[in-house]
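Have a look at the structure that comes next, please.
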Amino acid sequence: MMAISNIIPLFVAISLLGAFIISIIGKRLKWLPDLMGSLTTLVLLGLSFITMRIVATQGILVYSVGSWKLPIGIVLVLDGLTVFMLITVNLIAFFISIYSISYMNRFTSKWKFYTLFLLMVAGMNGVVVTGDIFNLFVFLEIASVASYALVAFGTERHELEAAFKYTVMSTVGSLFILLGIVFLYSYTSTLNMADMANVLAQKGMSNIVIMVSILFIMGFGLKAALVPFHAWLPDAHPSAPAPISAMLSGVLIKSLGIYTLCRFFYNIIGINSSFSSILMILGTLSMVIGVFLAIGQWDFKRLLAYHSISQIGYVILGIGLGTPLGIIGGLFHLFNHSVFKALLFLNSGAVEYATGTRDLQKMGGLMTKMPITGTTTLIASMSIAGIPPFNGFWSKLIIIIACVQANRLGYAFWAVLASILTLASFMKVMKYAFFGKLRDKWNKVEEVPVFMKFAMIILALICVVGGVLLIPNINEVFLKPASDVLLEGTKYADIVFKGIQ
Amino acid sequence: MIIYLLCLMLFCCGLYCILRKRNIIKIILGIIIAEYAVNLFFILVAYRMGGRSPILSSGVEIVNMVDPLPQALVLTSIVIGLATTALLVALAMRIYEKYGTFDITKIKELKG
Amino acid sequence: MIELYVLLVFMIIGAIIAIEMKDLLSAVIAVGAVGLGLSIVFLVLKAPDVAITQLVVEMLCLIILLRATLKKDLPFSTTGRWLLNTLITAGFIVAFLFVAIRAFKDLPEFGYPIMRVANIYLKEGLIKTGASNLVSSVILDFRAYDTLGEATILFTAVIGVLAIVRRIGRKKKDEVVEEDDE
Amino acid sequence: MSKEHDKGMSLIVKVITRLTVGLILLFGIYIVLHGHVSPGGGFAGGVIIALSFVNLMLAYGKDVALKKISKSAMSFFESTGALLFLSIALLGFTGGYFFLNFISKGEPFRLFSAGIIPLCNIAISLKVGAGLFAIFVVLVLLKFEWEKKE
């Protein structure tokens, strides 16, 4: 009889298996990469829903790889936050792999694309499930290295340049993270996150903790593109093929940047008021500067990339508040942003697929020719701008209410302002791209193939009904366990130690 | 203490090179140097005064071996560095092919 | 431990030469010297496994970098506001070192690590895994999952390089492109 | 320049390479197989194996080297090595755990000891050797093509 916790390593193993099989036989059988990519991500999605049930019924699961117990081996931890991130990552990955079946016909060597894509998914799943800080670094690097190559997948001049810039900045971030891990190891003599939390709690505050916090904010901030470290994002995200832009903006910066920051600040060192205000200031800066930079853009994908910076700011602001409502709002916005930003990038890809341009000034009236793309873009734009009843409205509302409740009226004001500016900039997109007069040269434009339509429609549906996640029964199994993990703070260590069978 | 500082100075040399040099190959060299420094730091914190390498031999009892865990981790981190370097060199060569130069002040199609 | 200081100073000088050298080929060779110095330092610090790996990886890196730079010496250009940018960078580095020095005071002294978990490996490694090379037992048994990740990173890099060097990346609608797959 | 490289280097280099390349390969294999009893291991050994082929290629030019090991073989070895390593990990499930050391440990200090560790070393060395040589070949050939154009 296999123990139920054997499900945890499967998240990495299945995606790696898919990648390796594609790389061996994918170049001979042309249909195999498409099938394998969708099938693997579908299985992963199914598994993540199963884990949601498991955590709801049995509580936290801890898995010892190779049967080595906690301090000497690597442990994998499945708790509420992990389940939340797993569902977000695999949901988006599944729809993007379906979308890529048609979209990637415009590129050569599809099997390389799918291999790298699955490796990136494996890396993200690995980051999310692990309970060991060096292991987290290794999987973070897998996801990063795969994304460097995917950004340059088109091999045009500007793509190579953007990929180079991204690779250099991200590698510097990785070096800072590794340096932080060395300090932590020397200070605590362990690599397990739960064990480390215990040791740090005994030793109390010291200069090491401050040093490591600075290093990790720089390192993970570079991965998450918080404002002083955001320079790579507006180049890298638009240059990648559209499914990869969706993947990068939708989930990569979240699982590599935000999840890791949360885990470190809340569960390992325990949050206090100064760290909390650093996070909130960084979040607000990203929120406001991102949206101001976005307004002036005419390149569709570049505009979306700047909005990613801005929306990440909301998430960090909500999580940095530290109140239960703030954390729920932040996590909910994280999920919502994954959905609607992925959808918007897929839409921009569909427009580019059909017309061959990304310049908003050259488009116009595409709604008549591409009704489905137009409608889904409209839904996603209203979600991101925070118009009721779409999902973005609810999460922004919760974050603003949480700010007001915590007596942080200044932050609430900036959040509202950024939201209004977002609305303005998306009205511009809709006006120039989809409404208005149809230009003559777009008379022959056709709607995109069925797989792309399918992925966009389903994601749009999730945007419409996203608000139901707040209904108590559903909230109980999805959002609340995740926010509880953060609220418990350094009790995480006791829970993990208790969870070992 | 001073040895840690020397090691971090090596790291800062690499960092300075990444931040200030305007040549693609120089930036790659900066990354390599910074990686060396981090790896070295990891081995330094594991060293034990008068220690022995963590390899047992039959019949001899060795008591004061150095910490084997950081050595294993540094092996991993060297490989990660190699992977990143290979990718960066491939990108650099493609960029040279497209632009005919390694100078990043002349390679500026994207606005920041 | 005097040889450690000498080697470290040598490495820093090598790094500075590599950074400031105008000629790319010399810069690459200087980095090679730094890497070889690092390999010797690893040997002094009783890490033979790491020293061997560093040595061979260094050679491979050097060969790849040499191929990339051969016969391509280029003049360097400086951007405007050179002084300002350098000052900012120097300020950042000084602040970084300052924080680091304060943090060093709380680290265990050099040569006396805590080794809480490591002692378990030293005591029980041979009995539990059967490998007399304890580093090997750590990377391939206690922490084999990390090594799976490491192998995957290399695999990712190979596929990534193959993807980047494709001659034609995008194709027009319905265009058939001959694919040069390796 | 490209013509010289197709032919390879001078006679002295070729003779010395012919004498040493087998030894380098053998040394790499030795390092791989003794990874669990002496310093070294799958990764270092794999790089040495790759370097022996790189040596051959630098001395004799790409045609001779690629005759010994073709591109498709490299790519096959690489993926197989990775798959082999993953399957060793998955076989641990037979004992109930991912990455369980499921083979008996044997007597210490012998070549056949330590359970899965030698097997893992062999899988990694296959992967690393083939993968790194593939990177090298790809980067070198990339240069040849556009140098011809100039």
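Every chain is named by a letter (A, B, C and D) in the order it is written, and numbering of its residues begins at 1.
We take it that a contact is a pair of C-beta atoms (placed from the backbone, for glycine too) under 8 Å apart; a residue touches a chain by one contact, two chains touch by 3 or more.
Worth saying up front: this structure is predicted, and the values here are computed from it rather than measured.
Peer 1: Look at the interfaces A-B and C-D and say which one is made up of more C-beta pairs in contact.
Peer 2: C-D
Peer 1: Please compute the C-alpha centroid of chain A, do the same for chain B, then give the distance between them in whole Å.
Peer 2: Using C-alpha averages as centres, the distance is 28 Å.
Peer 1: Distance-wise, how many Å sit between the C-alpha centres of chain C and chain D, to the nearest whole number?
Peer 2: A distance of 20 Å separates the two centres.
Peer 1: Using mean CA coordinates as chain centres, what's the gap between chain B and chain C in Å?
Peer 2: Distance between chain centres, rounded to whole Å: 2 Å.
Peer 1: Quick one: chain A and chain D, Cα centre-to-centre, how many Å?
Peer 2: Centre separation, chain A to chain D: 36 Å.
Peer 1: Mind pulling the residue numbers of chain B that touch at least two other chains?
Peer 2: 15, 45, 53, 55-58, 69, 73, 75-76, 79-80, 82-84, 86-87, 89-94
Peer 1: Give me the residues of chain D that touch two or more other chains.
Peer 2: Only 38-39, 41, 43, 75, 78-79, 82, 86, 89, 98-99, 101, 108-109, 132, 135, 138-139, 142-143 qualify.
Peer 1: At least two other chains touched by the same residue of chain A: list those residues.
Peer 2: 9, 16, 20, 23, 65-66, 134, 138, 141, 145, 148-149, 152, 155, 160, 163, 186, 191
Peer 1: Is the chain-to-chain touch network here best called a line, a ring, a star, complete, or other?
Peer 2: Basically all the chains touch each other, so complete.
Peer 1: Given the complex with chain B, which residues does chain C contribute to the contact?
Peer 2: Result: residues 1, 4-5, 8-9, 11-12, 15-16, 18-19, 24, 27-28, 31, 34-35, 38, 41-42, 45-50, 53-54, 57, 60-61, 64-65, 68-69, 72, 74, 76-79, 85-86, 89-90, 92-93, 96-97, 100-101, 104, 107-113, 115, 117-118, 121-122, 125-126, 132-135, 137-139, 143, 146-147, 149-150, 153-154, 156-158, 160-161, 164-165 of chain C touch chain B.
Peer 1: Going by the contact rule set out above, which residues of chain B touch chain C in the complex?
Peer 2: Counting only chain B, the residues touching chain C are 1-10, 12-17, 19-23, 25-26, 28-30, 32-33, 36, 39-40, 43-49, 51-58, 65-69, 71-76, 78-87, 89-94, 96, 101-103, 105-106.
Peer 1: Which of the residues in chain D end up touching chain B in this complex?
Peer 2: Counting only chain D, the residues touching chain B are 38-39, 41, 43, 108-109, 132, 135, 138-139, 142-143, 146.
Peer 1: Which residues, counting only chain B, touch chain A once they are in their complex?
Peer 2: My answer: residues 11, 15, 18, 24, 27, 31, 34-35, 38, 41-42, 45, 69-70, 73, 76-77, 80, 83-84, 87-88, 91-92, 94-95, 98-99, 107, 109-110, 112.
Peer 1: Under the stated contact criterion, what part of chain C meets chain D in this complex?
Peer 2: 48-49, 51-53, 56-57, 59-60, 63-64, 67-68, 71, 126, 129-133, 135-137, 139-141, 144-145, 147-148, 150-152, 154-155, 157-158, 161-162, 165, 182
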